[in-house]
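Presented below are the structures under discussion, each in the form of structure tokens.
You will see chain A twice below: alongside chain B first, and alongside chain C after that.
Moving on, here comes the complex of A and B:
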């Protein structure tokens, strides 16, 4: 068998495996996307999901409604970005509300200090990368 | 041969990565154009195409990171390199306001032909701690260490650095940050043995590869395969009968002020002052290449100061513009300025550099496109390193999530 045929067979097996492995449900509900804007009132790092690193969660007060939201960002952002209490942020994300608790927004897009950060794509799949480890490397002209 | 191998390897790795549930795959392609690859007074133009494939995967509180990169130099093909890296990181909360971060990894970089001396294997470790002293103030501590072996053993080294930073945000949307760092780099055996017959000419002039201008250096011929590094311009090792290693250590202080204006503008200004507190550069000269990690020149090799101003504009239609200007005044202890004929001038090399950078980025759903431009005016006490040049770069990054991650997708 030629190398090409072996590679194609290998790829076919992997694709089939990938298709079978797709999850059935999603926590990020695109039909419940909201936009809020306001100052950060609280910054905490806490476990959100079993078997994952703790998440950076921002307590944001919506300027329009004066309502408080917990904005779930990502694990790596705790080290990757320095967000301060009092900073004004704009958030686009999926709203999750349960009775007698602060509503949560799973952030898809975060805007602060004149920069827009895409945390997830429009279907809610995460974009975030690792922490400071990923930021090292060769200094190149033009790199951000 | 290398390109053929990449055609075979990349699709396999890509599909393998996609098949793993819960990870993210990043693909990027950058096209670079430079008029001065070796950053000397004798400009050498080149076009570089860089392709990289990264894959991240979470395992509980750990993240696995991997990366493959291939950069092809159109004219100076000997600088084309393949690099691969893997790493693991771990985030550990220490209460609700603090966390530890640990990371470790290894990287291999492999060059072709006359630049094979740059081929290296390295390992690195990082530990960090971050804590909110108050909602508007952050304390960060970080340590990192690295060990690298090169095909030309002159460059073998280990290094470590530790830093402490504190910042404060004010309601005027102003942030102040102070940072202190200590760093030390130790070259394990950077000296050539004294020749049996004393050299009448301590510096051998060589022709740089592919007619890129005259150089004034020689390689060690040590390490794997007797590969000799001839450099692009003027790398010069030292001779020593005693052998042994040599270290260089620094401390630095930096200050940063940032200001937000409206929703779309961010401004920042920063200053760094660095002092060499122990040792010096073990090589008689150092050199920088565009896009290539040259082991003779890095953040450990200089003392002096640097000032930077930046502006970020968040434009409509998900377009972002960043522009900046940096002025640096760097002296390289142990490195003597030389005339173009290779005669020592009796002064330590000092470079004054003006750097202007701009980057325009447009974000689509999964793809980011960017165009970046840089202009450099470098004035040096060593006439070989007096140069001006433009650099242009464009490319895209595409990310492909491969399933659930963080329980939230």
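Moving on, here comes the complex of A and C:
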């Protein structure tokens, strides 16, 4: 792991504490699917939905538009890969924009180092959730 | 019945029954699914109606969309719910799964329902307008879990599969039993046919042998009389050769008699008698024929055991066994034991001779089978025939070097 990656991870842990207070809330909107591609500029771990483990969120700069996006990947335990600052990623996901904050993309597929990670199905169902046998209570909510 | 016929008469109807059962089961499941879907649709419509009324009431109270959804969500079967404004913008939403709200606002139409296939199972979704007294317009998007329906269908499918399995198993067992029964029946039929052919052949041989015996015995009788006449008219110094000739003719006649009696069917002159008497009669005949051998005979019979049948023939059968045992053991004792065994009577003739080779044991009761140089192969065959005519059995056991044992079992009187 490079020094840059170590520093990014350290920053991510620091940011996670501050981000805990942020309101989560985007849902995977199937009408707003986008594709972006660019280097990772920031690695963040923050709670996104009430009562869940911290999510891995990547700050990605789109190479085409030079615009910055926060890419919500998955709970950190689910995405068991090393990722370093500066690495290029390709993302397919649902875009959520609000006037006063960085636009967020809820990732459905993430391509890293030539490998594609399926994070959700085409309707946004999270792949880290179990099948029909796994019953859970309603505990995640948000507002757009 | 041939195997092909068994297949046609039993297996094909079974397959037909199984096919109709499977078809009925499939149609039943489809019907169950249709009815359950309709039921769930009605239930969802009712739930959505209640929720819409509740939402409308909370909106009247001026609650925030988030607050409204917080208040109404408690049903575990609701996977997701969203409150939309008149332009179908999502005001608030709630989902059991992170960020999962499978709604396409581009495609969504009022009062439209559908089934979404998700990894968590089938979800029944509905978008419906919330009735408001004023001009305000809201929509409620609801996702309702169909796990109950899926469980019911899965249970129905499992039950159906289990029943099919049981029917197949029962069918397999039934046909296995049927085929075994049929195989046994075929084997018995073949056995009976072989026996019938054997009897036929034996009857032919019997008729042929009787004819031959009759034809030979007539000239033999004449020859014997001729020897008698010649002996009377011949000087004493020449009588030796004639005596020998006469004995040889008698021997030939005796052999022919034995062969004739062997092939003739056994005709019993039945009476009730004691086992002891039969054994003593056989022993007496043995003593008359071979006095030296009879000294080696050891008799142990249970007194008072009664038998039904032809005592003379049975003593003949026993005599044959005794002679056989005496010839097998030249100097050692021969044992005859008789006793009652429940409703049967058991007679054992045991010698301490060299024993019979295993391959010969199975054949000792066959006609004309002998291992002796001067044997005719008639004695044991005749003994077996007489015992069988009495409804009994006879068996030989032997170990080489340890002697032999013949065991007769007869029905008691």
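Definition applied: the second predicted complex is superposed on the first by the 98 of 144 C-alpha atoms of A that agree within 3 Å, B and C clash if a C-alpha of one lies under 4 Å from a C-alpha of the other, contacts with A are read in each partner's own complex, and residues count from 1 in each chain.
The criterion applied here is as follows: a contact is a pair of C-beta atoms (placed from the backbone, for glycine too) under 8 Å apart; a residue touches a chain by one contact, two chains touch by 3 or more.
From a predicted model like this one, the values you see are computed outputs, not experimental measurements.
A.B. asks: Quick one: is A:126 in contact with chain B, with chain C, with both, or with neither? Answer first, second, both or neither.
C.D. replies: A:126 contacts both chain B and chain C.
A.B. asks: Using the touch definition from the top, say if A:28 reaches chain B (first), chain C (second), both or neither.
C.D. replies: The answer is both, since A:28 touches chain B and chain C.
A.B. asks: Which of the two, chain B or chain C, is in touch with more residues of chain A?
C.D. replies: B
A.B. asks: In the superposed arrangement, does A:118 touch chain B (first), chain C (second), both or neither?
C.D. replies: first
A.B. asks: Could you say whether A:54 touches chain B, chain C, both of them, or neither, answering first, second, both or neither?
C.D. replies: In the superposed model, A:54 contacts chain B only, not chain C.
A.B. asks: If we overlay the two complexes on their shared chain A, which of chain B and chain C does A:102 touch? Say first, second, both or neither.
C.D. replies: Neither partner.
A.B. asks: Enumerate the residues of chain A that count as touching chain B in its complex and touching chain C in the other.
C.D. replies: 26-28, 48-49, 52, 72, 106, 120-121, 123-127, 129-132, 134, 136, 138, 140-144
A.B. asks: Mind listing the chain A positions that touch chain B in their complex?
C.D. replies: Touching chain B from chain A are residues 3, 7, 10-11, 14-15, 17-18, 21-23, 26-28, 40-55, 72, 74-76, 78-79, 82, 84-88, 90, 106, 111-116, 118, 120-134, 136, 138, 140-144.
A.B. asks: Flag every residue of chain B that touches chain A in the complex, lowest number first.
C.D. replies: Residue list for chain B touching chain A: 8, 11-12, 15-16, 18-19, 21, 24, 26, 54, 56, 58, 60-63, 65, 87, 89-91, 93, 96-99, 101, 103, 105, 124, 126, 128, 130, 132, 134-138, 142, 144, 167, 169, 171, 173, 175, 258, 260-266, 290-293, 312-314, 318, 320, 322, 355, 357, 359, 361, 363, 365-366, 372-374, 376, 391, 393, 399, 401-409.
A.B. asks: For the complex, which residues does chain A have touching chain C?
C.D. replies: 26-31, 48-49, 52, 72, 106, 120-121, 123-127, 129-132, 134-144
A.B. asks: Considering the complex alone, what residue numbers of chain C touch chain A?
C.D. replies: Residues 65-66, 69-70, 73, 76, 78, 82, 89-106, 116, 118-121, 147, 150 of chain C touch chain A in their complex.
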